[in-house]
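Both complexes shown next keep chain A, but they swap its partner, so chain B is in the first and chain C is in the second.
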Partner chain A sequence: MAMTQQELVDMLSSLTLFADLSRPQLEQVAHKMTEESYPVGQRILRQGFTGTGFYVILDGEVAVKIDGDERAKLGKGDFFGEMSILLGEPPVADIVTLRQLHVLHLGGPELEGFLRDHPQVMFRMLKAIAMRLRNASRWRS
Partner chain B sequence: MAELAERPFPVGDYPVVVVGSGPGGLQASYFLRRLGIDHAVISADPAPGGMFRRFPFFQRLLSWTKPFAPVPREDRYYEWYDWNSLLADEAGARAIMPDLMDGTSSFPSRPEMERNLATFVERTGLRVRYDCRWESTRRDGERFVLTTSDGEYRCAVAIFAVGIAEPYKPDTPGFDLAAHYADTRAAESYAGKRLFIVGKENSGFELATGLLQWAQRIVLASPRPAKLSVNTHSLLGVRARYVQPFEDQNLGGGVFILNASIDRIERAGDGYRVFCLRSEGGTELAIDADEVIAATGFVCPLRDLPELGVSVFGRSQLPAMTNYWESASVPGVYFAGTIGQGVAGMKKYGLPANSGAVHGARYNARTMVYEVARRHFGIELPRAQVKADQLVDVLLSEATRSPELWNQKSYLARAFSLDAGEGIRDEGIVPLAQFVDEEEQAAVAITVETDDTGDIHPAVYVREQGRPAVETLLESHPLHDFHTVDNRARLASLLSGATAGAVR
Partner chain C sequence: MSLTTQEKAAALGRVPLFAGISDESMARLAAAAGEQDFAAGQFIVRQGQVGTGLYLVLDGMVKVVRGADELARLGPGEFFGELSVIDQQPRNASVQAAQATACLALASWDLLALLGSDPQLSLNLIRGLVARVRSAGEQHRH
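Let's turn to the complex of A and B:
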């Protein structure tokens, strides 16, 4: 999906993760992160591999798989990769593309600085992680 | 008439058509010919060279060629020291670049690079139909039809090596008032001017560096802080040769490097007023300038390929591709040259491969052509057998010296299949992201990787049959000689099970 700079910034402003950012901040996010595309069936994160990144889905769909078993699906506006970067550990799940994927990517070493520069994004990420934790607790109970 | 008659590749039906006569198109054509795959090469340009017929404007290339290296020039391993020559199997067509340089720098000048590519064409006898512009594309059953200024070409496989060559300016109000980097004039014509350069990538800093002694004032602006290649441990970021503007800023020398987005550009008197929003705090800033230059990059000139179904993404309008640089949505359409950077690969720690530069793209092109040969023409390349007791040495030798692995870190790997029936076979250079996701055959691949500390070390990926690859990082070495006792022992232990199966 080809987008102009303005269209990309408009799209970012519609994603929950970036909902609190001003226009100049969104432009900065668009410049800091790299747009990437992945074909169907490719792993983006790989269980046990080092050097992973942080990804925000702009279009497409991925499956979260642990030892080959699908655990969840992620789509537009969802993000992944932050857990292994924050913990400094290789991912515990594979992320596999189900439909052609268009993402914004940030290299792992840049995530901490990025979140410190954009505390609103950090807060939104924290909320999303809290919701995942709550849902995981519900499934268990 | 005689001249017309000499033009190769008349319109017609070919197994493969290559579009473009820059490094990517020439390299793809070279390997197609080596494999005996009939093809036509067409180019809108009048001569070989692609983007190097025009760019870079000032200074020199960003890619080195070191005339004095620890290995002979005819050796494959010399490619690591020579990022600008194209690949060739015959000695006379290898390492052309160093002989054409005047000795003043290890970074060739643009005219030297253009001569390098023209010399490659002469020595290899590659043929190109120049002044033949690809205009549109359609399908006719199983074949693609490329309409050109000379007529229609039909083919089963089309390889587009058309660069990322179309000047791009953001759709922000007033950008039509700005000149693009591609329209930069002779340096002296900027004498005494106040310049506003939009963009803080290499092209912006190339202009700033080239115009430092001419301009009265230079402002560079873009939303995020500039990255420096010496900090990113890669070619990502502003290269070391272009850091002079940073020093001028720090010493108060008339250069200002701002983190700001451009809100709009308006005319003001004889010049322009650029309205910026500071990235920190969002305050507005109005800056007057005599000239505004958009160093905002280029997009792929893919013409009507999106209408054919080729999906594109991003601001550069790159095609979405597989790991073998084939369109992800239209099989049979491939891409070579700098467009290949649209295949991200593993991108460990966020570090990109060098697919946008000749020293990465030349290996991508060869790997892609071999895949085209296998998939579309049933050509199986010879796969040398390797003895089990030599495999550790072969792998560590590749990690220490292989130009493919060093130029395309975490991106290309040397693979060996470990099949019980066939023994250990050299599978050549493969895209790493492809290798680690294939599960059918037991195999091992070695690559070279840079970690987040800048440390360069080998990484080995072992695949058991029917299972995804497992990553193991080997230790680094201060002088990058990876044949260490620990690495040998580690690798031998990793391979003991897998190779035992292969030699049974």
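Let's turn to the complex of A and C:
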């Protein structure tokens, strides 16, 4: 499962979140974040419990569940965990793996510094969250 | 109303979105912000149009409407329009002056340029949006 640094950087360059980064910047990201794998059925974030980090999906799929109801699915290139870190609040949803999951993980306390160091990633994240807010509003209407 | 750059900076400084940004960024924001007055009933932004800017209400009251539904009312210190600036998608609601209203308007390109140069501003925006995603289950906001 573990990829070479070269393969990892190639994969990161294909993700929207990292699309504006140069090769050396992608290498920094690959160095800073930790690769992790999870089996099917594992809860990575727990609703109501303190979050443990920021995750970017490299491969696989997770369900976003609120009170047991599936609200969304996330796959390659999607990310999760940033909301509770940035707000300093526990997650409002469970994140459960639907397929074998391969992610990059960054510890919660490191996220803000990471975003400041990579403003292009922060802007991509901003756009993704703006889209999420639009969808959330539309979904309610 | 006719505001000096210092008065514009003071008004912008009271908005959580702009808390903690550098003096230099605040000076650039204030210089770029223009005051606009709207008569009661006048549309400030229209649903379906691509966003051209962010508006901060200085005085008066606006209503956020989608079709025939009134979604919210915003008064002094509240802002709208930032979502369209960020994702350049059509606005998902209209905003209309409910009474004579004065706003500070920031053009999309000025705000985007500042986002690129001041990470604190981007972080504030992300926090603001994330908080709204969380509350979207309970209430509407455009």
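Throughout what follows, the second predicted complex is superposed on the first by the 140 of 141 C-alpha atoms of A that agree within 3 Å, B and C clash if a C-alpha of one lies under 4 Å from a C-alpha of the other, contacts with A are read in each partner's own complex, and residues count from 1 in each chain.
Just so it is clear, a contact is a pair of C-beta atoms (placed from the backbone, for glycine too) under 8 Å apart; a residue touches a chain by one contact, two chains touch by 3 or more.
Just so it is clear, the model here is predicted, and its values are computed rather than measured.
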Please tell me, clash or fit, for chain B and chain C sharing chain A in the overlay.
fit
Would you check which partner chain A:35 touches, where first means chain B only, second means chain C only, and both and neither mean what they say?
first
Now for A:43: first (chain B), second (chain C), both, or neither, which partner does it touch?
first
First, second, both or neither for A:134, with chain B first and chain C second
second
So in the superposed three-chain picture, is A:100 touching just chain B, just chain C, both, or none of them (first/second/both/neither)?
first
Give one of first, second, both or neither to describe whether A:6 is in contact with chain B, with chain C, with both, or with none.
first
A:108 contacts which: chain B (first), chain C (second), both, neither?
first
If we overlay the two complexes on their shared chain A, which of chain B and chain C does A:20 touch? Say first, second, both or neither.
neither
Contacts of A:61 with chain B and chain C, given as first, second, both or neither
neither
Looking at chain A, does chain B or chain C touch a larger number of its residues?
B
Once you lay one complex on the other using chain A, what is the shortest C-alpha distance from chain B to chain C, in Å?
15
Using the touch rule from the top, collect the residues of chain B that touch chain A in their complex.
170-172, 222-224, 259-261, 277-279, 282, 306, 311-315, 317-318, 320-323, 328-329, 342, 344, 346-352, 410, 433, 436-437, 449, 451-452, 468, 470-471, 473
Chain A residues touching chain B - in the complex, by the definition given at the top:
1-6, 8, 22-25, 27-28, 30-32, 34-43, 46-53, 94, 100, 102, 105-110
Would you pull the chain A residues touching chain C in the complex into a rising list?
82-83, 86-87, 89, 92, 112, 115-116, 119, 122-123, 125-127, 129-134, 136-141
Note: in the complex, chain C contacts chain A through residues 66, 83, 86-87, 89, 92, 115-116, 119, 122-123, 125-127, 129-134, 136-137, 140-142
